[in-house]
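To keep things simple, chains are lettered A, B, C and D as they appear, and every chain counts its residues starting from 1.
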Amino acid sequence: MDFKSIGFIGLGSMGQPIASSLLAAGYSLRVYNRTASKADMLVDQGAVRALIPTEVVEPGGIVITMLTDDKALESVVSGENGFLPQLGQDGIHLSMSTVSPALSRALAEQHAQHGSRYVAATVFGRPDAAAAKKLFVNLSGSEEARSRVRPLLEAIGQKITDFGDDPGAANVVKLCGNFLIGCAIEAMGEAVTLAEKAGVDPVAMMAMFSQAMFACPVYQNFGLPIAHKQHEPAGVELKLALKDLNLVQQVASSTTTPLPLANLLHDRMLSAVAKNRGQWDWTALALGAADDAGLNLTEK
Amino acid sequence: MDFKSIGFIGLGSMGQPIASSLLAAGYSLRVYNRTASKADMLVDQGAVRALIPTEVVEPGGIVITMLTDDKALESVVSGENGFLPQLGQDGIHLSMSTVSPALSRALAEQHAQHGSRYVAATVFGRPDAAAAKKLFVNLSGSEEARSRVRPLLEAIGQKITDFGDDPGAANVVKLCGNFLIGCAIEAMGEAVTLAEKAGVDPVAMMAMFSQAMFACPVYQNFGLPIAHKQHEPAGVELKLALKDLNLVQQVASSTTTPLPLANLLHDRMLSAVAKNRGQWDWTALALGAADDAGLNLTEK
Amino acid sequence: MDFKSIGFIGLGSMGQPIASSLLAAGYSLRVYNRTASKADMLVDQGAVRALIPTEVVEPGGIVITMLTDDKALESVVSGENGFLPQLGQDGIHLSMSTVSPALSRALAEQHAQHGSRYVAATVFGRPDAAAAKKLFVNLSGSEEARSRVRPLLEAIGQKITDFGDDPGAANVVKLCGNFLIGCAIEAMGEAVTLAEKAGVDPVAMMAMFSQAMFACPVYQNFGLPIAHKQHEPAGVELKLALKDLNLVQQVASSTTTPLPLANLLHDRMLSAVAKNRGQWDWTALALGAADDAGLNLTEK
Amino acid sequence: MDFKSIGFIGLGSMGQPIASSLLAAGYSLRVYNRTASKADMLVDQGAVRALIPTEVVEPGGIVITMLTDDKALESVVSGENGFLPQLGQDGIHLSMSTVSPALSRALAEQHAQHGSRYVAATVFGRPDAAAAKKLFVNLSGSEEARSRVRPLLEAIGQKITDFGDDPGAANVVKLCGNFLIGCAIEAMGEAVTLAEKAGVDPVAMMAMFSQAMFACPVYQNFGLPIAHKQHEPAGVELKLALKDLNLVQQVASSTTTPLPLANLLHDRMLSAVAKNRGQWDWTALALGAADDAGLNLTEK
């Protein structure tokens, strides 16, 4: 290994198990989170707690970020007390957040101006997959940086797919994946509504589909809750999913790509927020089809 | 077994392997197909060839139908030389075609008037799954008939789901399943278009998705062809898929269920036909998103 | 005039004032309506009441039909006691109903086989426009028949547009016009919802639009009711408008023409029926946008 | 009048004739435009040319702005050399641009902090309507300011509608109006495509509609070009119209208002840009329906 200790900023539901897997794989970590208590478990596991973001960064080292959105990421990089100046010559910023490709591209340029490198690595998988080193990782950015971070990613993922030099590519892939999941949710919402209106048990139907041609995590995880109209407690809040969808639509607009399904998802989510379901799980967008069909929802 | 030989009408791409599995399981079959040559292989396997539909039917026995559409099914049941009068008291019509629930309900009544019973059993799986006895079977109709046909279905399917007394229920499930597959195709079409316009390799992306959260037959079978814009030769012709979608929309209309995704699929298919892609595989509906985005398709 | 008396079948809200205008213009009429009492006023005005449809028809004469739908029209033409055999050589059927172009084309062939002619003349305008001879008339069918019926149409319309030989053309025009009106209703529904959610008075806004760039009957008649969410009593029942929209979608399907707006209107109407608004005026489809936006409708 | 001379910033296709009408009504004007030559005609008419924006503003006076977008407006108000500090106590900014309601609300607060007032007055009508004092004007903002600017607006408009205190209201109305026009364009595009595919002359049809139930400027101005697929030269460039539509969608998002028609318009416009029609008139969005239906467009 060509680095002593790795910086890690952002210890939310995904950041925490990823950091933990890195510790388990033998890496030394300095960790930072705005709400300091989220670092406690990692400190017990051997991590060093930092009190400000810049403190986790070593000149020429590697810093990993896993934050909520574009704004949060920009802030720790180049806001007040941002770590960019500190990262220094040959330093690497391994950026794992779901942010816009445009931000990744802009940050890559900023890093280059400081002699450091920016590489994006987005992941698919739930927190338990992160803990079990079973994530699917998408990697893109400068070639040299990609090879330097690969061992770290192998410690958390079951498969790493390389999407080349464009630092925004890994973000595009993440957004496309979330978009596809959203589409599946809407499709299931419509299918179970049709079944219900036609007198067929939607639960038995979704149970069958998710053992047959749709025997995969998205349909297995979401099919039954949608059939049961069970959307609390939230895994991912609908309001947050709406922010990710906005990124999808931004990319679509900037690349002149009409996406009717993204529009439909957006309308379903706006409608859900308007009906006070913004705090529910984002699968609640599937209720739109039931509403349109006049099904009486027993509000929870 | 409470019957001597079973009748089988309709030896297309699904009917043939199903009949073959029944023979392999020890059942005697009398088979009929409009194009007689399609029965050859089954005759070699021991089936008896019939020259007219009614010839396959024994009073009080079981007749299986696997035909193209409502019209074809109605014709063999109650058209000129239809088998309904012949099926007789306690006979069972096991109907496996993708037809409208309304037709199943109407036929169930007609059979009841003749003392026979109608039971619907729709299947998911490709022809090779039928040969390997790996189909997913959905069953509905009169209770007694359901239990009498179960052994036959166990000879062809890996799982049988019972949807109760409504003879149309199994058809609703089939239509919902096809609808969900169509939605996944459209979603993949939009996602790969967005990726391509944003400079990301859609093939690598779909390969990854179909190993990760979408590791199931629909995405694995269709993801790469869609990413490659490869839609010939046809597995299921787009024109035929459009006929199935029309059934979905009929059920939606008659149950007052708005289905925006069914509309979108319908428009994509109409557009494909208008652009002379009606003979291509139905995954070609995914090209609509690429057309809208101005991607130059190299026509094949 | 080359005929003694004209037959008129169908005395609904449009048929009655049209027949009345013809009487006022000096034509002799024999009239038939299933509910006989609807002929009373016309009989007072000089019309002769017929007890069965065929009774209104003179061999070689002209018969006008203004009926609800394809089925009703087919029935008086070629159902039991249909007038087709009676109309005879050189007779003319002037068909004014909102029916499918396919039916018009089929009827034109049937008439030709009997030596008579079919000509379609659809109209735009409300009942009061029919009474005031202010209808807009669209005419199509065989050339000779078109010139023979022109004087009659001049007695009821302010403008006659000739769409040539295709007997279905006038029906296509009628369906396109209804479709455009439906689109305007949906658009207004969305605009007033946006205004309301953004804190702007939708009534003042629609009042202004319909004096400005939208100073025409559709926006003037429907803008304020939509802004006020006032959809009872019905001018045209939503359920009936849905039947007309089905004709639009039939033409779209048979000509492979994707029409996303027709789909949207269809879903809005299905949803309205599902929410028990089928008896309201068809402008109630505009409420869909308000529902989606979570606006609390005070149910009437 | 309680002011000596009025400032006018932004002399584009609408600004110029409005300023001209004010001069004709007897007002003294100081005018500014980035491209100075656009002021020539007004100077001939008696206006005083200013070389920088602030030069047109008198403390306590009235300044009118008619600019392209949010950014341009913000820049002349509070950018470098912005006029806000100069406008002073009791000064009034009469803002006529098509900008976001959010910007109007923000500017109103900024003006209030400087003791001046912001009032929005958006207009409908083409440049020739501005010259003929026939505009439709929508007014909103602080009550006192509304009454002070009314005489000016009466010099350019045939009707002024007052939308109350919210400075953003007039902008919402403008966006709703543009949205409704866009919807009418799309609807006409679909209707003429259906007509063409069904063998009916779309030109004759649109000519008739725009004399009948759609006898108003939007359908009269746009119906025939759409029927003829004639979209050059541009009145309003599609690319610019897309910017206005983005404002509609911003308001929709921020007020949680699903607008399926706005999405459809957005996709049609994105697609048009992707197909190199961004410089055409915005009615070219209507070509999307023809493309979908496989009609061969003779590219211009």
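Methods note: contacts are C-beta pairs under 8 Å (C-beta built on N, C-alpha and C of every residue); 3 or more make two chains touch, one makes a residue touch a chain.
Remember, it's a predicted structure, so these values are computed and weren't measured experimentally.
Looking at which of A-C and A-D shares more C-beta pairs in contact, the answer is the pair A-D.
Ranking all chains by how far their C-alpha centres lie from the centre of subunit C, first place goes to A. In whole angstrom, the spacing between the mean C-alpha positions of subunit A and subunit D is 40. Between the CA-based centres of subunit C and subunit D the separation comes to 37 Å, rounded to the whole angstrom. One inter-chain figure worth recording: subunit A and subunit C are separated by 54 Å, centre to centre, where each centre is the mean of the chain's CA atoms. Residue positions 252, 256-260, 264, 267, 270-271, 274, 292-294 of subunit A are each in touch with at least two other chains. Residue ranges of subunit D in contact with subunit B, taken from their complex: 267, 270-271, 274-276, 288, 291-294.
Across the interface of their complex, subunit A is touched by residues 101, 124-125, 136, 138, 159, 161, 163-164, 166, 168-169, 172-173, 175-177, 179-181, 183-184, 186-188, 190-191, 193-195, 197-201, 204-205, 207-209, 211-219, 248, 251-252, 255-262, 264, 289, 292-294 of subunit B. On the subunit C side of its complex with subunit B, the touching residues are 246, 252-253, 256-260, 263-264, 266-268, 270-271, 273-274.
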